[in-house]
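Have a look at the structure that comes next, please.
Going by the order they are written in, the chains are A, B and C; count residues from 1 in each one.
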Amino acid sequence: MEFLELKNLTKIYQKDILAIDKIDLKIKDGEFLVLLGPSGCGKTTTMRMIAGLEDVTEGEIFIEGKLVNNLQPRERGVSMIFQSYAIWPHMTVFNNIAYALKIKKMSKEKINETVKKVAKMSNIEEYLNRYPSQLSGGQQQRVAVARAMAVDPKLFLMDEPLSNLDAKLRVSMRTDLKEMHKRSGATTIFVTHDQSEAMSLADRIVIMNTGTIEQIGTPNEIYHDSKTMFVADFIGSPSTNFVDVKIISKDNKLFAKNDAFELPIDDKFNDKLHGYIDKDVVFGFRPENLVLSSDEEKLFDIDVVLVEPQGSHSVIVGRLLSKQIKIVSDEVRDMKNIKTLPIKSNGIYFIFDKETEKRIC
Amino acid sequence: MKNKYKKWFPYFLLTPALLYYVLFWIRPVLRAFFESMTDYDGSFSLMFFSKVINESMFTAALRNSLLFALISVMLQFTVAFMMALLLNKKFKGSNLLLFVALIPMAVPPAAVAILWKTGFSTFGWINNLLITLNLIKEPILWMTAKGYNALLFLILIDTWTVLPSVMIILLAGLQNLNKEYEEAGLIFGASRFQIIKDIIMPILKPTIITAVILRMIAAMQVWMISVMMFGYGRVPFLVERIAYYTDMVPMLKESYKMSLTYSVVVTTIVMISVMIYLRVNKKKEKEVRI
Amino acid sequence: MKKLLATILILSLVLTMAVGCTSDKVEETKSLKVTSGLWSRPEEQQFIREEILPGFEEEFNVKVELEVIDNIEKVMEAQKASDEWTTDVVMTHSGTMPLYIANEYVQPLDSVKDSLDITFMDAFESATTQDGKTYYLPISADVYLLIANQKALPYLPDGADVTKLTWEEYKDWAINIADAEGAKVSFPLMPIKASQYQVGGIGLSYGSEFPMINSPGMLSAWELLGEMVKNNAILETSFNYDNPVEQMKSEEAWLTFYHMVPVGDIYSSAPAKYVVAAAPAGPNGNGSIAGAWGVGITAGTNNKDVAEEFIKYLARPEVLYEVAAGTGGFIPPVNEVIAQLGEEPKDIIMKKGLDTLENGVVSGVPASEYTDWGAVKSVFDTVFQEMWDNDGELAKDFLDAQQKELEKLEK
């Protein structure tokens, strides 16, 4: 039995705004699952429905096999970290953490013990008697974490908890959260729009776009095996380069052809591409899969617009057929006065259906 | 040269407002204190305070004013808060309900009195409604109420008029309240009631204090409803006594000083009440910052 | 473009100002300012301005400005002090006439009075004249009348004629109704309003002066009312009203004795439902408190001749009648007006009123003889409250004490 299951989950606002469109999702016990997507894709709405803060229009939510659609949030055994932390400003840090325990009618000693324990884990022991307004953003965030841990939930929900922190803090908190997850072993759902955050934290990532799921998979699967153009575009920085080509057949060999180049396609794809001969498709090249070449071996030339040296590698911004192309190369070459560069493919590419935007192979 | 002027410039800007206050507020207030503490010839005397306190209607007026303030503020705050909570949830028709709830605010006080006076008369629409609904058989003689019944009667009418203004202040405060505070409460196990008691009300404290103080001050000075419903002296209030001396018997030798002495008494009582209320709430005010 | 617009704006402003200023000079008609305390209701003012003044304005080529205010005394005081008399004609209540005459706000108008061939009833002479000189002409008077719902008539005592009742009969009538139907008399008792006028009228019928508390006449009046209270004939809700209109119209009350203007209001709403009569009588006659509004000429007016014409105009019987008919049912205390009366409800009311004025025992409201008239009213309210609380009984000591309170208030 899965720990959490969403069946046909749909959310419609005010009779005509479709926010979530029939999503199905299965989450394993103890998993760290990230809901990733751009603003408005529905990731937060989905989480809020799981929490019980939003009504479900259609579909079912099962936690440990039990249908929870009509249960109050507090009856679902979940805990949540809000984007704005939502630490109650009129209570001390101690009371913030202890509140849920007081409601559970825990004994005073037990409460003390638990609060001290989670405060230690979150590194906020010395702030227990302070008020939220006396804490920095990072400290407040840790209070929210401690509060969520104190109730020892079955399911942790985190709604972009790191978005309001500065970059350095964000990275360090990432590690703290992952460690916390390891320690407690509780199932965690994490919402973010930051793909590097998702990639570094998740066991599995659910990429969402306008209310539907584009792909579910491990970070590597998402990256190397992107199932749709959206995923290929969203994941990876710089993102995938898309090029329009036509599939042609020459002597039983398939080529991807456009005004700039003619790329021979590996035979193993012949079956899948059979129906696309003489049709337009979209090729996706990740920046690191286009390499600098020589005039003899090149596939095409790009006009160099800009070179961004990053130390360990360089990002070359160029133009192909008046479209921008970004290439990542670890070759150290003097790029100062170069106007064009010969480029070739290293054999790794995505082929997408132009209409459905789904990956063919 | 320039620096010297710079220092005094803010005070210079304040002068018009200050002048206004001195002429139209401080002067009359000082005058009132002066008149209440002197005899007719200007010599110091507390005889008028003694006259006021020993008046036959003083005890009743004091008791009515204080009771009215206490009961009406508690009642109005509770009902207004519940209405504000209700209206804060955006549901279908909540805007319409808000509009309806605000209607009493648009009706001027004198019109309110006429509305209820005709309504509560023996064959007025209230009795007619109750009879049609079969809740009573004979018309109730509402306005023959005496003593505490009369007081409650006036409190009800006042509540109807005043509820929207209290509710609006509380609603404004609620709408500024971050929704996630409540949601965190829901997640961490609080029932609706606990959320209101432990989260919403403490955070809303400054707004609540404002609303309550405003109502307290106004409630302690209520008088017009009593006069329009029952006439002068029937259900006395402190400010009703002031109106009596100023409007009904203005030519008596003592009227001027009596009304000013009463107003000094009212001012003192109001100020003391507000200070007590603020003291009681002083506890964590400094540390609540949203 | 902006400059052009600005110039046009300024020019038009200047032009309108110029036109405004010159318009006065162009018209050479005379003007008259009338300051009145009467006709406080907007409908009444509208009536006067639209139906009465135009006639005078056309005939005499005068522009009349009518100003109705509450506290004329302050205005008169200010004009006298500054010697800038903007008001030419003033209309005040009989209660304040003696004060105005004494303070020289008005001047004698015997010449006007003598030029008229109408006779004013003498009910208000003590107010309008002083030292043999007449300062005011009373044009609008009011008395108290009886009005009864037809449903009450079956309960009349044997032999009583509703148009010629005695107070004893009225009392028995009220008690008869109470025994069968419950309290049906409206006796408005809202504090500091009109309770004293109602009981004062009864007192006058029994020979008392007004205002008195413990005179023999008043003792009879209190006793009469006391019996009605004891027998539950008077509606308790009377304490909430300052006039009987609502109670009579809703038929909560069937019987009342009150100021003729509200009585007229009730009667006109459904003439077939009611009977109106002059006040009941006591051994001394039909007693009623009566008030009058009179016109006078201000002491320092610059338009004396126009003012005189205006007063003469108002004193024409047909004009008197029209004013009375159109403004809430007052009566002009002039014998010649009776001839103008018809059979309409308002005429009936006027007839009864005039009846009382001519043949009854009336007294004005001597407010200026007391330091504060409101305090006087308060004394009467105290007696009423005591009477009600004691089921109609009033102790002689109590009444004597209240009389002392009343006398304390005399100037």
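Before moving on, here are some points about what is shown:
Convention: a residue touches a chain if its C-beta (ideal position, glycine included) is under 8 Å from a C-beta of that chain, and two chains touch if they have at least 3 such contacts.
What you see is a predicted model, and the numbers here were worked out from it, not measured in a lab.
Of all chains, the one whose mean C-alpha position sits at the greatest distance from that of chain A is C.
Compare each chain's C-alpha centroid with the centroid of every protein C-alpha atom shown, and the nearest one belongs to B.
Taking each chain's centre as the mean of its C-alpha atoms, chain A lies 56 Å from chain B.
In terms of their C-alpha centroids, the spacing between chain B and chain C amounts to 38 Å.
Our note on geometry: chain A versus chain C, Cα centroid distance of 89 Å, whole angstroms. Contact residues on chain C toward chain B in their complex (touch as defined above): 190-193, 236-237, 239-240, 242, 246-247, 250-252, 371-375, 378, 381, 409. Across the complex, chain C is touched by residues 117-118, 121-123, 141, 143-144, 229-234, 247-253, 255 of chain B. On the side of chain B, the complex with chain A involves touching residues 178, 180-181, 183-184, 186-190, 194, 198-199, 202-203, 205, 284, 287-290. Only residues 51-53, 72-74, 78-80, 82-84, 86-91, 99-100, 103-104, 131, 133, 147, 151 of chain A touch chain B when the two sit together in their complex.
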